[in-house]
Structure formats: C-alpha cells, structure tokens
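Both complexes below contain chain A, partnered by chain B and then by chain C.
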Partner chain A sequence: MSKSASKSHEPLFHVVKRASIPLWQSLLIRAGAILAALIVAGLLTFFLTGLNPIDVYATMIDGAIGTEKRIWNLFQGIALLLCVSLAVTPAFKMKFWNIGAEGQALMGGLAAALCMILYSDKLSPAVLMLVMVVTSVVSGAVWALIPAIFKAKWNTNETLFTLMMNYIATQLVSYFSYKYSVPKGSGSIGIINSSTKIGWFPSILDQKYLLNIIIVVILTFILYVYLKHSKHGYEISVVGESENTAKYIGINVKKVIIRTMILSGAICGIAGLIMVAGTDHTIATDTVGGRGFTAIMVSWLAKFNPIMMFLTSFLIVFLEKGAIAISSEFDLNSSFSDIITGIIIFFIIGSEFFINYSIKFRESKKEAKSK
Partner chain B sequence: MKKTTKILALVLALVLAIGCVFCLAGCNKENPENKDPNTNEDTLKVGFIFLHDENSTYDKNFIVAAEAACKELGVEYIMKKNIPENAKCQEAADDLVDEGCDIIFADSFGHESYMIEAAKEYPEVQFCHATGTRAHTEGLANYSNAFASIYEGRYLAGIAAGMKLNEMIAAGKFTAEEAKMGYVGAFTYAEVISGYTSFFLGAKSVCPTVTMEVQFTGSWYDEAAEKEAATALINNGCKLISQHADSMGAPTACETAGVPNVSYNGSTQTACPNTFIVSSRIDWTPYFKHMITCVKEGKDIEDDWTGTLETGSVVLTEINESVAAEGTAEAIADAKAKLIAGELHVFDAATFTKDGAPLTSYIADVDTDNDYTPDTEVIKDGYFHESEFRSAPYFDIQIDNIKLLNTAFG
Partner chain C sequence: MGTPAIELKNITKTFGPIVANKDVCLTVNKGEILSILGENGSGKTTLMNMISGIYFPDHGQIFINGEEVLIRSPKDAFKYKIGMIHQHFKLVDVFSATENIVLGLKDDGKYNLKASEKKIREITAQYGFELEPSKKIHEMSVSEKQTVEIIKVLYRGADILILDEPTAVLTPQETKKLFAVLRKMRDSGKAIIIITHKLHEVLSLSDRVSVLRKGEYIGTVNTAETSESELTEMMVGKKIELNIERTKVEETPDRLEIRKISCVNREGITLLNNISFTAKAGEILGIAGIAGSGQRELLESIAGLQKLNSGEILYHNPTTGYTENLRDKSPVKIKELGVRLSFVPEDRLGMGLVGNMDIIDNMLLRSYRRGKSAFLERKKPKDLANKIIEELEVVTPSAKTPVRRLSGGNVQKVLVGREIASSPTVLMVAYPVRGLDINSSYLIYNLLNKQKENGVAVIFVGEDLDVLIELCDRIMVINSGKITGIVDAENTTKEEIGLLMTKNDGGESHE
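Right, the complex of A and B next:
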C-alpha cells in the first residue's frame, strides 16, 4: 500500500471486538453508563422543565419504593414482566424470534376470563381454578405452537408470524369483551365476579399479590435449572448456536423447536392467568400492556439467564413506577417520564457495546513513522 | 455468566445506593413543605383520577373545577392524570389511599368497576365517581355517583337554536318545513340520546316544525370523524349543527361552511366567531365542594348526586350576540326560571311522540344489569323523570322527528 493511500483511508477510530474484559472494567463501564444517563436526563430535565433533577430522582425513588404498598406493587409489576420474560427466553436462546408473547399471554388471559364468565356458577371454585389453569396454559401454548409448526415444517419467518398472531389475539379479546360487556354495549367486561371472587387468586398473608410473586419465583428457578442443567436446555443452546451442529450430533431440530415453543407459549399462558385471575380480574385488549415486547429487552439484557432477568425486570419496572410518580408529582406530561426512562435504558443498552467492543483511535503520525 | 450476574447486581446496588442518597435529600426537603402554615394536621386530602390530561376538553373541565374547589375550601389534593380504564385505575386509587387521601374521585365511566373494588377494600375512604350508574345498587356506604342535569342546559341551548332557525326562516333563507338540524353524537348511549333529545325539544319549543338528523362517530374524541359527520349533515341539508363529542371537529366544519353551531363543553367563539351561538357545559365545582364539605362535616354523601341549574352545575356560556337571534338571552332566562321553579319540564310527555303516539308509561333501565333489563317507571305526572332515580341519564327513547343516520355502540 502506498504511503498516501494509507494516510487518507485510515479512519479516526475503529472498533475492535474484545476477547474478554476484566470484571472491574465492565463494572466501571456499566456504572459510568448509568451515571452518564442520570446526568443527561438530569440536564434535560433542568433545561426543559426548570425542575431540580435531584428532586425529580428523589420522587422517582419515592414513587417506586416510598411506601409498603408501593414496594408490593413494585414486586407485583416485576413478577408480571418477569413471567413473560421467562416465557420468551427458551425460544430466544434457541434463536427463534418469538415476538408473539403479547398475544400468547393475552390468549392465556382470555381463556381464564372466559372460564370465569361461563363456568362460575357451573363448577365448584376449586375445579374452576383447575380448569382455568389448564385452559390458560393450553391456549398460550397453542398460540405459540401454530407458528412453531409452520417454522419447523415450512421454514416460515417466525418473527412475522408470531407478530401477526398478536393482532389476531387482540381482535379475539376485543370481540369477547364486546360480547360479554357490562353494561351491554360498553365494550368492556368490567371486574368479573366482583362480589363472589370466584376464580380469583386467594390472598396470602393478607397480600393480594403474594401468590403471583411466589408462582413467578418458582417458575424462575425451574426455568433456570431447565435451561442450565437439563438435556432439553442443552439442546436448546445447541440449536441456537448452530442448527447444523445440532443435526450433526443427532438432535431432532424440528422437535426441539416445537417443544420449546410449546413451553414458551405455556409460560405465557401462565402469565396471562396471573394477569387475569391474580391481578386485573377482567380481560381487555391492553391487559398484557406491552409486556410481551418489553420482555424481549429484559431477556436480552440478562443474556437469557433467568436469575439475572429478575434484576433487569426490576430495573425496568422500577423506572416505570418512578416515571409515573414524576408525572403526577410535578404535573408533567407522561411523555416526559417516558423520555427519562428511555434515556436510562438507552445508556444501559449502549454500555453493552463498550463491554463487547473497544475503540481504537488512529495512531499518531510519529508512531506511524517510527513503525 | 456468573460474572455478569455479579456485575449487574453490583450496578443495581449502586443505583439503589445513589437513589437512597437522593431520597434522603428529597425527604428532608419535603418535610418542611408538608408543614405549610396554611395546612393543619386535620386538613383533608382529595385524590383525583383523570382519564386524560388537560388536552382533552372533557378532563380539562374536571381538572379546572377540582383545582377551584380545593383551593376555595383550602384542602390538599393530588391529581393522577392519564389513568386508563383498567386495573391501573385501581392501582392509582390504592396509591392515593397510601398518600393519605380521604376522598378519591374518578372522572370516567369505565373507571367505575375499579373504583367499586377500591371502595370495598378501603371502607374508611370516600370514593366518588362521575357518570357512573352503580352506586345506588352496590349498597356501599363509601361509594357514590354524581352527574348533572345537563339535559336542562341542552334544552336551553336548543331554544337558542330554535330561535336562530326562526330568524333564518323569517329572512326567507328556507321554509319552515325545511328547518332541519344536524347532531354529531359520540355513541348511541342514554347519555347522548338524552342530550340530543333535550336539545331537539328545546328547539321545538320555539320552532314547532323542526326536525333533526343524528350521526354517530363511535368515539368521544375523533376530530376528523366529527368534522366529516358535521360536513355530511350540512350537505344533507341541515341548517344548524350541534354536537356531543369532545373535539373541535364539528364547530370547525360549521365555521368553514358558514352554518350556525351550538357547542358543548365550553365556548368555541374564538375559533368560530361567525357561527358559534352558545354552549352548555357541566360545572363540576359545586359537586366537588359538596363532596369535600360532606366529608369534612362527617356527613354521608348521597349515592347519587345530580347537579342542576339551581346548584350552578349546569351552565351556559356567554351568547355570541353577532350570531344568535334577537331576544335569545331573554328567552333562555325565562325558560331557565321556569325550569328551576318546576313549571316547565324538559321531557314533558305532551311535547313529543313516539311512533305517532304520546308516551304515558316508560320502564327505563335504571339499575344496571348485564342484560339492560328495564326496571323503573319513569313517566309520572306527565313528564319523564330524568336523572331522578339515579344521577346518570337513562332517557333512551328514540322519539319522532329525530332520524338516526347510524348507530355506534362502544
């Protein structure tokens, strides 16, 4: 290469993949990212609203963990998000892009709600609860199974397929919430069995959300063991890394895809059940509330580790609750708190880049000459 | 993998630590604020739950009234805006209880079942809900509904409309038989039916030949659809337009076409100076004051509270003299006095017919149930008793001379 060419083509900096990174360094990068996020969001707050950023952050924390009830609500929020995140994880680990968790959870919830509406006076509460669990799990699983079969048999694009299944689920819920609306024609079902509480999860120790939290904690550990220490989990990893390797060592890839998606959908079904029987006691098109998509971020940020997903969902729900507090306390439009949440999450995701890659600046001319 | 777990844990711990420092700083600052010299220990605290924020005329009407009432009575208040009609409403109510609110109010129809749940959970807190229908059947001491006899306001606005039609007929713009009004409604619910019928009867009281066409948009706020509906009605030969939906769609369509408009939820005169006649709206300040005073004095709030012309809950805006017919203000004042005195009834059975015959009996669906079963006789002493058996409207009769071009249910 001629001297002049190398001079004009060498960029100011270039990006190099890191082999590994010492703990302290990655820690520093992450801490720096959060600090930078807080500073940027703080500056933005100050210049846009004239508020003291420290006050805003204090309100945020108070809004998330300020009272005992808020702490319960925080953990309830984490449980719901974590449950959906657990559901998408096996599929993602297999590199099956299931972005249909929203619809799968909605179908699970719809099944539970319909059971509550139709069978409350026909079945005993215990049997009804059992029927609700089974139908929710099956509905969620079926909603995931359909795209899985198409993927396994005809190699259709699972991203588009699962996404479109979401819209069908939303429309189905919309149909049923019109059909069973109270009062008729209002288009919303309202609280189901408000006086009898049939089909509602019971309160434990006087805490209405405790059962939800317990279910999700148990699920988290089961999924952790399943993914890390079971043969199925290993097969999922191999299929995810390379389908050809999986075929070569005798793994039935189609079977793994279908089995894993059934699992993914079934857990979504449980999430839907928890949302309907344990939380809302009704079904509406916004019952899942975008968690099916947020879950993707939770799962990725935690690198598909169920235990770490607790921390990432904690972070996201914490920010969300705090953001709501900001908008009501300072009378700001709710979009503003979304901006702050967005900035913080952007920096956290951005820091992953600097952990995986390093930036090499152009060497100075002197050094180049001496070479 | 283990390494990254540790890292994330540490980062979160760091965030929490930083957070706690901020929190402490914040708490220290907050305390003196709470001990404002104007507020005593026993000051009431009111929590408000709104479906949207000030950008919606519907919610703005509540927000302005809430601020006015709380300031006047010197009580603290917290407002939660943009609370959807789902479990978030119950969560918001939960949180307001946590903040020490003694009264919690919600402004949207769909909030009702969540408010009832919250009322069951916190019997020591008063829950008030506007536009709801279930307080009188739930039997909860701490849950109540409120509405206003806005049909009286619409009747008065209808008089202004009828007089404008008369003026245009007298000026030879069209014949008395061609006097047709258009109405843009949101949904085919009792609330809207009661509204357009009272408006029509108001107009009919001064212009006997009037007829009306109603077009529904299927949304409480859809500027494009409302504009389109109003334009369609105008093209259909409607000489005057009124609406029951929350956007500027219908008023602007009228201004563009030069067709007079009777508005709702507040004056649209600034935007539509050449067509705006008058507007009726509910002023919620009297209710908020009533609700706060009751709790302050330890009195029960009625299951159903209906604001009227007399309580100052139903109000008309200033009349736009340059558009309104001469003598409109006097005619309205006269009718208003008669309504208050009970000499005049909006839904007087002698003034309208259904299928060609006057109504002598009507069983309305006052107690909400899944199947809309009619349950209460509401025509007595020769008139339909609207908003008496519960505050929310239940007049849902489709009377003669009003033609529905379509229907829209949620």
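Right, the complex of A and C next:
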C-alpha cells in the first residue's frame, strides 16, 4: 500500500472531447465509416447468404437509381422525408424534443383527405385546393401547439406529450377510415376521387411527383434562411443553447416555444398534404410511414442545417430503396435489407463519436515518473 | 481534551496550476466540534473531500486513531468511520427516509426494513432528531432531508462527522435544533467537523476553530479564547497593496435608487430583505458579502430578471430628467424606457454569452432586435466584434470562433466589451475577474474606472476585499440578503468589512 498504487487508477485510455476538427479530417472519418460499414455488411452478406457482396451492392445501386422512374421515385422519397425533417428541425434546434411529427403530419394528411371526400362536389377545384392547404397547415400546427402550450405554461415533458399525440392522431385516422371506407365497412378509404382527380396535385411536365419535389426544395431554402438569417431563427438558437441567456437578453421564452412549435407543426401539415394530395390520394394510419421518427435522425445527422439535410435524407432513402431491391432480386427476406441499412446507419452515427471525441492512451512516461 | 480522532499532516492538493490546499495540518479530538473557517475558495471543501475519499491528496498523511491510513474512496472513508454530509443532498426522492438510509448497505443480503426502522428510531431518540422514518423524501422540508443525511452516516456507524455548510439552507430555528443535536453527538464522543463562514455560529457551537485562507492553513484557536475580530483577521489576512488607480469622484447625481426591496423565493426563504441604497453616477459602488448572500438576486432584480415582493427600483434618467420605476419590468421593457443598463452576470457562458455561438453572434444578443426587418443585420455586430478583439486584445483565431473555445479571460473581455459598447448609464458587474490572470484583471479594472470617469454608475460585486477597497468608492456589505453596512472605501479596513460580512443577524438598525 504505497502512493503509487493509488496512481495506477488511471485507465489505459480515456476519451477527450475535441475542441475542433479540421473539415478534411471529419470528412475522412465519415468516409471511413461508410467504407467500414460496406465491408462489414459485405462480409455479413457473404457469410450469411453466400452471395457475392459486389453483386449485392450493384443491385442496391441499380434498385435506387437504375431507371429514370426509379430516380424519380428516389427523389419523391427524399422529398417526403426531407419535408418532415424540415418540420422537426426548428423544434429540435430549440431543444424541444418534438417526436410527434408522425402525428402532426398524419393530422395534416387527414385534413386534406377529409376535404377531398367532403367538398369535392361542393367547391371548385381551385378553392378546394386552397381549403386543403389551409386546413392541413392548421391541423398540423394545432397538433404541435397543444404540447407547446402545456410545455410553456406548466413545463410538462414534451417528449411524452408529443409521442402520445401520435397515438391520438392514429386513432382519429382509424375512425375516419372506417367512417368513410370504400366499400362500406372495409375499414380503408381507398383512392379518393380516382376518376375525377379532384384535389390531386397536378402533374408538371408529365411528372406526377415534380410538384412535391419543387415544394420541398422551396421549403428547404426558406427554412435555411429562416434559421440562419432571421431574427426568429436567432431567437430559436439562443433559447436552444441557453434558456438563461434568453431570459437575460429579454427573449420571451414561452412565446418562442409556442411560435416555433406552430411553425414545426405547420410544416408537418404540409408534409401530410403532400403525402395525401401529391402521393397516395388516400389516408391510412401508415401514410406517414415512420418518417416522423426517421426525420429526427435526418435532422440530427445534418446538425440541423436544412441544406445538409438533403444529403442525409438522400442517404437514408437511397439505402431504403436499394435494400428493397436486394430483397426482391435475391429472394431474401425483407429483414435482410433492414440489417444492411441498420449496419450502415450504425456506422455513420457511430462516426460522430470520433468526430466529437478523440481517444488518448495513457502515457507510459507519466507512469514511470510517478513510481 | 480527548484523544485525537483524526489528524492531518502537511496535506497538499493541487488542481493543475491552482493550489487548493497547501501543507494543511489539522487535528480533531474525540468529543469535540471543530469549525473550519475560511472565505470562498479558501480550500475548506477540498480538504474535507480528501478526508471523505472524494479526492486523494498529492502529499501529506492522514492519521486515524493514531494510525496512518490511505483514504482512496468514499468506501475507505466509511471503513474508517468517517461520514460526510454534503451541501447538496444525495437522496432518492421517491424513497422513504428508511429506504434512503439503508440504500447501498450490504447487510449480508438481508433487507429488513422493520429492523432498520427500529434502529433509526433508536438513533433519532438518542440524539434528539425529529424524523418520521416512513416519510418520503419529496414530502420533506430541507431540514428534514438534512436530518436523513446525518442519520445515514450515523446508521453506518460514523464516529467522525463532517458537515459542509450545514446551516446555509436552514432557518434560524432549524439551525438551533441542528446545533442541539450536534452538541449531543459531541457529548457522546463523536468528532465533528463543520465547515462554515458564519462567525457567530462558530463561536456558539465549536470548541476549536481552524482557519484556512487561500488554501493555506493559518492556525487553530480555542473558541473560548478568541473573538470575532481575531477570527476575521485570520480569515481575511493583512491588507495587500494592489495599486489600482482610483480617480476622485466629484459630487455627482443619483442614478439608481433602491428603496426597501424584498424578495422571497418559492421555498419561503428570504433572499433580499428590505434593501435600500443609492448608486451615483461616476462612482463605483462595491458590493461585498459571502457568496449567496443575495448578490445575484439583487443584480437580477435591477436587471428585470427577478420578481420582487416589495420595494421600488427608481432610475433617474439623465437625458429626460424623468424618474422611472423599474421594478418587475422585463429587460426589454427597461430598454424601451430608455434606460441604458448593462449587466455582466456571474455566469458568463451560461447567461451572459452563448458558448456555441461565435463572437459576432454574441454581439448580436444585445442588438439583434434593432430595425424593423425580420432578418438579422450582422454588419455592425461584426465591426463591434473586431473592435473589441482589437481594443481589448482578445486572443482568438477570428471573430467567427465560438466563445466557449476562448480562455476565461478572453470570454470575459468579450462580455464586458459588449456590455460597455452600448454606452450604459448603469453598469453592473458580478465577479468580473473570477478566474482571470493578473493582466486581464487589471484590464477589467481599468475599463471599469474609465466607465466611472465617463459618468456611469458602476455596481461591482466582488469577492477579493483588497480589490474592493482599492477600486470602489463606497462598499456596501450584505449578509443573508440584508445590508449590514455601507462604508467609505478610503476609510475602511478589511477587518471592518470582514466583520460586516459575517455579522450576526443584527441588521435591525437598517430596517
């Protein structure tokens, strides 16, 4: 029992937070992560299925961008995911953990669908479209506003609150699916106005998804400017970074929370509108399809930068489409494509750790000195 | 006196370049209460943490019952029957007192709450505690929680108890009860160490007093043979010449008039008690006091961040000649009234600045609302950032560097620079040189002096009495949210201020 015994408490290595990292180094780490992920996933493919990993990857790329139609589908998928990601970003930047984008988008979609069902023969198509836009935006915003008010007034936990709002939205959609089901009692609405196409987004240049994509591109730039160059965006950053500082300079934190959540919900409403009027032309409980949750990952990986979010949503949708192609092409269970997607995303998220932290090994010199 | 229960010999502990304890020697006997007295940052808590196994000393020895021991973890400390009651309680809110007390004990796998409760009742009866063992922690008052903490260490058989500022959170009545219990424990042969900076408590409770100052051991005296003034002198030390220039104030107008403000927090503890004073233009008013005496609440209530229960904050506007009452107005409202108030808070990165934002965006904090446009205007803040970097010699790679990457002194320069850039009429600064090296400190002193010469009413909350005496024109001393005196800096001594800082609740004359 001597003093040196106590000194050997120091572990073999410890993790140190990086002050900063040059851009090339962070890109290198990310590229390395993707490479490592492809190798691991390739090895796994080989040992589990006996297939040639190169073939598998080729199929994946082909499945995502092999034909013109597939490219359009890819960008349509990106647009939908990106739209929901844009919606959650202001809230997350404010450190308001809105995991209710799923429900907010669903409510927006439900509003659009109900308008299409109820008012197709009462309103002119142009007016109907306007009503759909307004009701979708308002429904999404209200769904986000309710937890925001509770958070601002009584400091309730927004994570649980927004999550539970998702279930209510799902139940509401089930109810209306039953009420307006075609044929009666089937529990699903089916394609609304399939012959008249009233309330459908128009095709542009013969492309049915082009309008969706254009809307999301415009939204991306608007949100980028809003967050980076507007006074509101600045207030969001300050509230998110430090509520104390916000109070110190006289920002009304409650007002910012409520305002930002209305915005977040409204964009979710637009996402819902695009899903119903621009894509599915129907509503079901799985219309949003988990994008409300995937969006959280897209937003975080891009560090809340809307332009970068295009890249992260591209990556995720690309993997998804590619994975579907693998499972059908090689007759693999669809879970296998989930495994590959999971491995790649795991590595990418894991690489963030090495970007933020470096690992320092114990110096052997120091130990010699202490003895 | 009895036999030594614990002896420390030449204990030294450093954290990087900072020496927290230097060659500290201490003895505590069985059946005695020893007070450890010292200002903030004098190393009291560090020393106790070494006895209770949280830190390990760099040098020195610890003896328990005459035998040298190594205490490397709280578990070791427990083995030697040492128990520490921390300032911040470590209890599970949803558990009962009994469950908290037995938590973590290894009774050979037995878990018998009934038996434990019986033992707890024995302990409470023996020393005169008031506690219902089945009560849940979240239903308890602060004093009851403290009782649970004390019983927790007694239950584990501690013979040496260390209490870190136990009365800081208690009302006077609760303090009396605690002291009665501590005396009973002493009479039953336990060795008790209490950390405090309240002189009257030291004198009424302890048998001996050890004094630390800036990490060094000053000495130990018997309480019966000492006086408040002797202890104060030991605590604050002799005056040091700092050579801060102090320009003479001419007769200047009153700028800020505080009238009888009081503030009670949600727990019912009085934070500010009937405070009245005037801050003059062209003067530095120092505020001295033990940390947590209400300094923060006072500044925050002037800045519009703290709701008051009573009183008025009057601002005499030099340009309009009007007088405005700032009480309970928001910071934005205060600004709209044309009051040019600047505030350098104690928590620089958590309140005054945003650590993850760069210097330019931190300049924006004060000015982003300007103009009718919905968009930000970054040109002027950028010029300001560059001006501050140049004039205050801020060491930074660029104006686009996040401020959290700057050193403490440079962070402070950015903050102070921004606050004086709006040419304030009132400038409030809280501990502006804490953690700064000597050169940066002098730079800040000069900036404050310059503001004063420009006719700004400066309010300076400080902890170093030497600095307060040399820099300020008048010094107001507060203790437990009450003013205990306002003295002329030129005709005062550290001892006088030290006494006022630790004065027993004798502020009746100010009410």
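Everything below uses one rule, namely that the second predicted complex is superposed on the first by the 357 of 371 C-alpha atoms of A that agree within 3 Å, B and C clash if a C-alpha of one lies under 4 Å from a C-alpha of the other, contacts with A are read in each partner's own complex, and residues count from 1 in each chain.
Just so it is clear, a residue touches a chain if its C-beta (ideal position, glycine included) is under 8 Å from a C-beta of that chain, and two chains touch if they have at least 3 such contacts.
Because the structure is predicted, anything quoted here is derived from the model rather than measured.
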{"item": "Clash or fit (per the criteria above) of chain B with chain C on chain A", "value": "fit"}
{"item": "Partner chain(s) touched by A:242 [first = chain B, second = chain C, both, neither]", "value": "second"}
{"item": "Angular separation of chain B and chain C about chain A, which is computed from CA centres of the superposed model and rounded to the nearest 10 °", "value": "140"}
{"item": "Partner chain in contact with A:187 - chain B first, chain C second, else both or neither", "value": "first"}
{"item": "Partner chain in contact with A:50 - chain B first, chain C second, else both or neither", "value": "neither"}
{"item": "Residues of chain A touched, compared between chain B and chain C (which is higher)", "value": "B"}
{"item": "First, second, both or neither for A:286, with chain B first and chain C second", "value": "first"}
{"item": "Gap in Å between nearest CA atoms once chain C and chain B share a frame through chain A", "value": "11"}
{"item": "Shared contact residues on chain A - chain B and chain C", "value": "none"}
{"item": "In the complex with chain C, residue positions of chain A that touch it", "value": "1, 3, 6, 9, 19-20, 225, 229-234, 237-238, 241-242, 244-245, 247-250, 252"}
{"item": "Chain A-facing residues of chain B, complex", "value": "1, 3-12, 14-15, 18-20, 22-23, 25-27, 29, 53, 78-82, 84-87, 91, 94-95, 98, 109-110, 112-114, 116-117, 133, 189, 368-372, 409-410"}
{"item": "In the complex with chain A, residue positions of chain C that touch it", "value": "56, 70, 72, 303-305, 330-332, 335, 343, 345, 347, 350-357, 361, 364-366, 368-369, 373-376, 405"}
{"item": "Complex interface listing, chain A residues touching chain B", "value": "23, 26-27, 30-31, 34, 38, 54-55, 57-62, 67, 69-70, 73, 178, 181-188, 190-191, 194, 279-282, 284, 286-287, 302-303, 305, 307-308, 311-312, 314-315, 327-328, 331, 333-334"}
